[in-house]
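To start, the structure itself, in C-alpha cells.
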Amino acid sequence: LWGTWDELRSRRFWRSLLAEAAATLIFVWLVLGPPPALQPALTAGLAAVGLAHCFGEVSGAQANPALTLALLCTHKLDALRGAAYVLAQCLGAVLASLPLGPWALRLLASVWGPWALGELGNRGNAGQALAMETFSTFQLVFTIFAVEDQRRRGAGEPGGLAIGFSVTAGALAGTFSGGSMNPARSLGPAVLTGIWDHHWVYWIGPSLGAVLAGLSYEFLFASSASREKLVA
Amino acid sequence: LWGTWDELRSRRFWRSLLAEAAATLIFVWLVLGPPPALQPALTAGLAAVGLAHCFGEVSGAQANPALTLALLCTHKLDALRGAAYVLAQCLGAVLASLPLGPWALRLLASVWGPWALGELGNRGNAGQALAMETFSTFQLVFTIFAVEDQRRRGAGEPGGLAIGFSVTAGALAGTFSGGSMNPARSLGPAVLTGIWDHHWVYWIGPSLGAVLAGLSYEFLFASSASREKLVA
Amino acid sequence: LWGTWDELRSRRFWRSLLAEAAATLIFVWLVLGPPPALQPALTAGLAAVGLAHCFGEVSGAQANPALTLALLCTHKLDALRGAAYVLAQCLGAVLASLPLGPWALRLLASVWGPWALGELGNRGNAGQALAMETFSTFQLVFTIFAVEDQRRRGAGEPGGLAIGFSVTAGALAGTFSGGSMNPARSLGPAVLTGIWDHHWVYWIGPSLGAVLAGLSYEFLFASSASREKLVA
Amino acid sequence: LWGTWDELRSRRFWRSLLAEAAATLIFVWLVLGPPPALQPALTAGLAAVGLAHCFGEVSGAQANPALTLALLCTHKLDALRGAAYVLAQCLGAVLASLPLGPWALRLLASVWGPWALGELGNRGNAGQALAMETFSTFQLVFTIFAVEDQRRRGAGEPGGLAIGFSVTAGALAGTFSGGSMNPARSLGPAVLTGIWDHHWVYWIGPSLGAVLAGLSYEFLFASSASREKLVA
C-alpha cells in the first residue's frame, strides 16, 4: 500500500500520466483533421528527411524560423546566429517562389486551395487557424527536441524519419490553416502574390507552438529535466 | 528419416507452421480490405512513429486503452498505473475533439464517412465491425509486443517504424469499422457529437484483439515462451 | 592502358555493367507501370514490414509460396518444411478471405478492379500478366535475398523496410495483373468466389520470377557468388 | 564582442547561413510544386530503396546517367566505367519500355499526362521544365553525395531511405516537367513511341543539376571540403 502511495506522490508517475494524455490528445487531433491535400503534406515530410542529410551537419537544416526561435529560447543557439538564420531562411523561401511567379502560384492555390500557399481558406476563422498552427508546430518541434536528445544519448531508432513523419502528420492535420508550421514557407508566396491577409497567423502560431514545445520538452519531459533547470 | 520424424514432433516445427499460416492470413486480410480513406490511416501511422519518440521514454506513448489493457494482462503494467493511463488517454482524446466541435466533426464524417469518427457505417453490421476491429488490433498489438521484445534483445531493425506501418495497415484494412483499433480515439468524437450507436464495438473489439495478441505473443511465439509460462 | 584492358576482361566489371542495366530496367519498368490502385499496394508493403517483426524470427514470415519455392531451390529450406509452409500459407490465405465472403469480395473487385482479388482484368492478356507477375516477383525476391545476405554480414541499412518498399513498388507496377506476386494471396479469393480463370498465371508467374531471382542472386550477384557454386 | 566578430569572419558561419538559405529554398520549392501524379513519384522512391539493396554493392545501383556523370566529374568513377555505365543504363531503360509497347505507353500518357513518359506537357515551356529538372536533380544528387559521405564516416541514420524519399519528393515537385531527374528514364519511352520533342531537356537538366550538386557538395559543404580541393 505504501508503495502505491509513494507512486502517487512521485513526479515520474504524474509526468507519465501527462505524457499519456498528451500523446492521445496529439494522436486523436492529428487523425481527426481532414487534410486539405495529401501530396504537399507528403512532399514536405519526404523533403525534410532528405534535407536533414544534406545540411544537417552544416547548420542543422532547420529551414524554419519557428524552430530557430525555439532553439534560441532554450539556449541552444546564440542570438546573432539565430537572427542570421531567420534572414537566410526568409531569403531562401522567397527565392524558391520566384521561378513559379504570381501566376503559377495563383494556379496552384486554385488546385490545392489557398493552404498550398500557406494562406487562410474560408473553412475556418483566424483564431481556429492560429490554434491549428500552434498545435501542429508543437507536435513537430517536440518531436525534433526529443529526437535530438535521443541522438545525443545514442538511441537506436532513426529519428530523422520520425521528424519527417511528424512534418507530414502535422500538415495532414491542418484542417483550417493548411498546416504550414513554418513562417518562411508562408512568406515566400505572400511576397510574390502580394496577398498578406492573415499572414500574421503563420508567424504567431508556429512561433508560439515551437517555443512551447521547446520549453516543455526541456523543462518537463526530457530525461534530464528538473525543477532547478526551470528556475535557472 | 529419423531427423524428419523428430522435426515433425518438435514444438518449433509446428510453431513455425502456425507462424506461416498466421502471417499469410494477416497479410491477405489486410490487403483484401478496401479502406474507407487513405489520409486518416496514413496520418495515424505517421503520428504513431513521432509520438513514440516524444513520449516513449516517459510513459511508453501507449495512447490506446486497448494496448494498456494488453500490457496489464501480461503483467507488464500494474493495475493502478493501468487504470490511471486509461483515464488520461480518455481525457486526452476528448480534449482533442473539443476545438473541432460537433459541427466540424459532423462535416468530417460527411467527407470521410462515419469511420472518421470511429463510428460504424452502413456497409457492414456490428458483428463484422467487431471482427474487423479485433483482427486489426490483434496484428497491431502483436507487432508492438514483438518489437518491444526485439528491442530488449538489441535487434537492429527500426521497430518504431514497423509499429507505425502496422497502425496504417490496420486502419487501411478496416472495411466495415474504419480501423479505429483504439477506444479512446472513438470516445472523443462520441462525447462531442453525442452519437453512441455501436460505440461498444470500439471498446470490445480492440480490447479483445489486444489481449489475445499480448497473450499469444508472450505464451506462444516469443523466443522466451514456454509451456511453464502459460500455466504460471 | 593495360589497366583498362584488365578491367575489360574482369568478371567484376561485366557484373557491375549487368547490375546497372538491370537496375535501370527494373526502375523504369516499375515507374512506367500505371498501378490499378494505390491503397492495396500500400497496405501490402506496410503489412510486410510489420509481419517481418511479428513472425520473422519464428518462421521467416515468408507468407508467400513463391518465396518458399525460391528458398527451396537455393537449398535454404528443406523439402518437408517447404511443402508444409506452402500448405500453411494456402490455409491462411483461404481463412483470411472467409469472413469477407463471396459477396464482399465481388464488391471489392467492383471497386478496385479484379486485380484486388489477384485476378486478371481485361486490360491485358494472360501472357502480359504472366510477364508482369514474373518481373514484379523477380525484383521483390531479389531484394529479399540481397537483404538477407547483407543482414548475415551485419550491414547497417534497415532491410525490412526495403523489402516492404519492394512489395509496394511491385504491386504499383502491376499494370496488367495487379501485382499479386503471391500465389496464396490469389488463391484465397479464388476459393471463395469460385472464379479460377487465369488462376495459373498467379502460380507460374510469381514462382518463375522468385526462382530466377533466387538463382541469379546466389550464383551471379552475391558477394560470395562464384562459378564453382553454379556448377555444384 | 570579439567572439562575434570572429564568428562573422569565419568560413563556417557563412557556410551554415548558406545551408539554411539553401535548405529553405529547396524545402519551399518542393512543397510548392503541384505534382502531376502521386503514384509514379511514390513508385520511383520506393524502387530506389529496394534497388540500392539489390545492386548497391555490385555497381552502386546508380541507374541514372546524370548521377554517373556527377560521379565522373568528382573523380569518383573513371571515364571507361562511366561511359559503359551510361550505355548499360540506356539499354536497360529501353528494354524496360519494350514489353509495354508504343500503344500501352500512349495509353499511360493519356492517364498520367505526358510526364509519365518523361515528356513535356503543355503546362510550361521548355525553359521552365529545364529549370525544374535541374533543381529536382540537384536536391536528389546532393542528398546522394551527403549520404555516401556520411556512410563512409559510419553515421547512423538510414541514408538509403533518405535517397528514396528525395526521389519521391523531387518527382512530386516536377510541376512543368514531371520530375524525371533521369535521362535514361525519359529515353526508354522516347525510343518506343518515337516522340523526341524537347527530349534534350531531360538530358541537359538532370546532367546540369547533378554535376552542380556533386561539385558544390565536394568543394563547399562536405566536412572535408577546402579551398585547396577546389583549386586542385
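Letters are used for the chains, namely A, B, C and D, taken in the order the chains are written, and counting of residues starts over at 1 for each.
The rule we apply is simple: contacts are C-beta pairs under 8 Å (C-beta built on N, C-alpha and C of every residue); 3 or more make two chains touch, one makes a residue touch a chain.
From a predicted model like this one, the values you see are computed outputs, not experimental measurements.
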**Item:** Contact distance in steps, from chain A to chain D
**Value:** 1
**Asked** Taking shared residue numbers divided by all residue numbers at the interface, is the value for chain C and chain D over half (same) or under half (different)?
**Response** different
**Asked** If you take the mean of the Cα atoms for each chain, which one ends up farthest from chain B?
**Response** D
**Complete:** Chain-centre distance (mean CA atoms) for chain B and chain D, in whole Å, is 39
**Message:** Between chain B and chain C, what distance separates the C-alpha centroids? Give it in angstrom.
**Reply:** 27
**Prompt:** Hey, what residues on chain D touch two or more of the other chains?
**Reply:** 38, 156, 158-159, 161
**Message:** Thinking of each chain as a vertex joined to the chains it touches, would you call that graph a line, ring, star, complete, or other?
**Reply:** ring
**Prompt:** Every pair of chains that touch: which are they?
**Reply:** A-B, A-D, B-C, C-D
**Complex contacts: residues of chain B adjacent to chain C** = 4, 7-8, 13, 15-35, 38, 45, 128, 131, 139, 142-143, 146-147, 150, 156-159, 161-163, 165-166, 168-169, 172-173, 175, 221, 223
**Interfacial residue positions of chain A with respect to chain D in the complex** = 38-40, 42-44, 46-55, 57-64, 80-81, 84-85, 88-93, 95-97, 99-100, 104-105, 108, 111-112, 116-117, 158-161, 164, 182, 184-185, 188-189
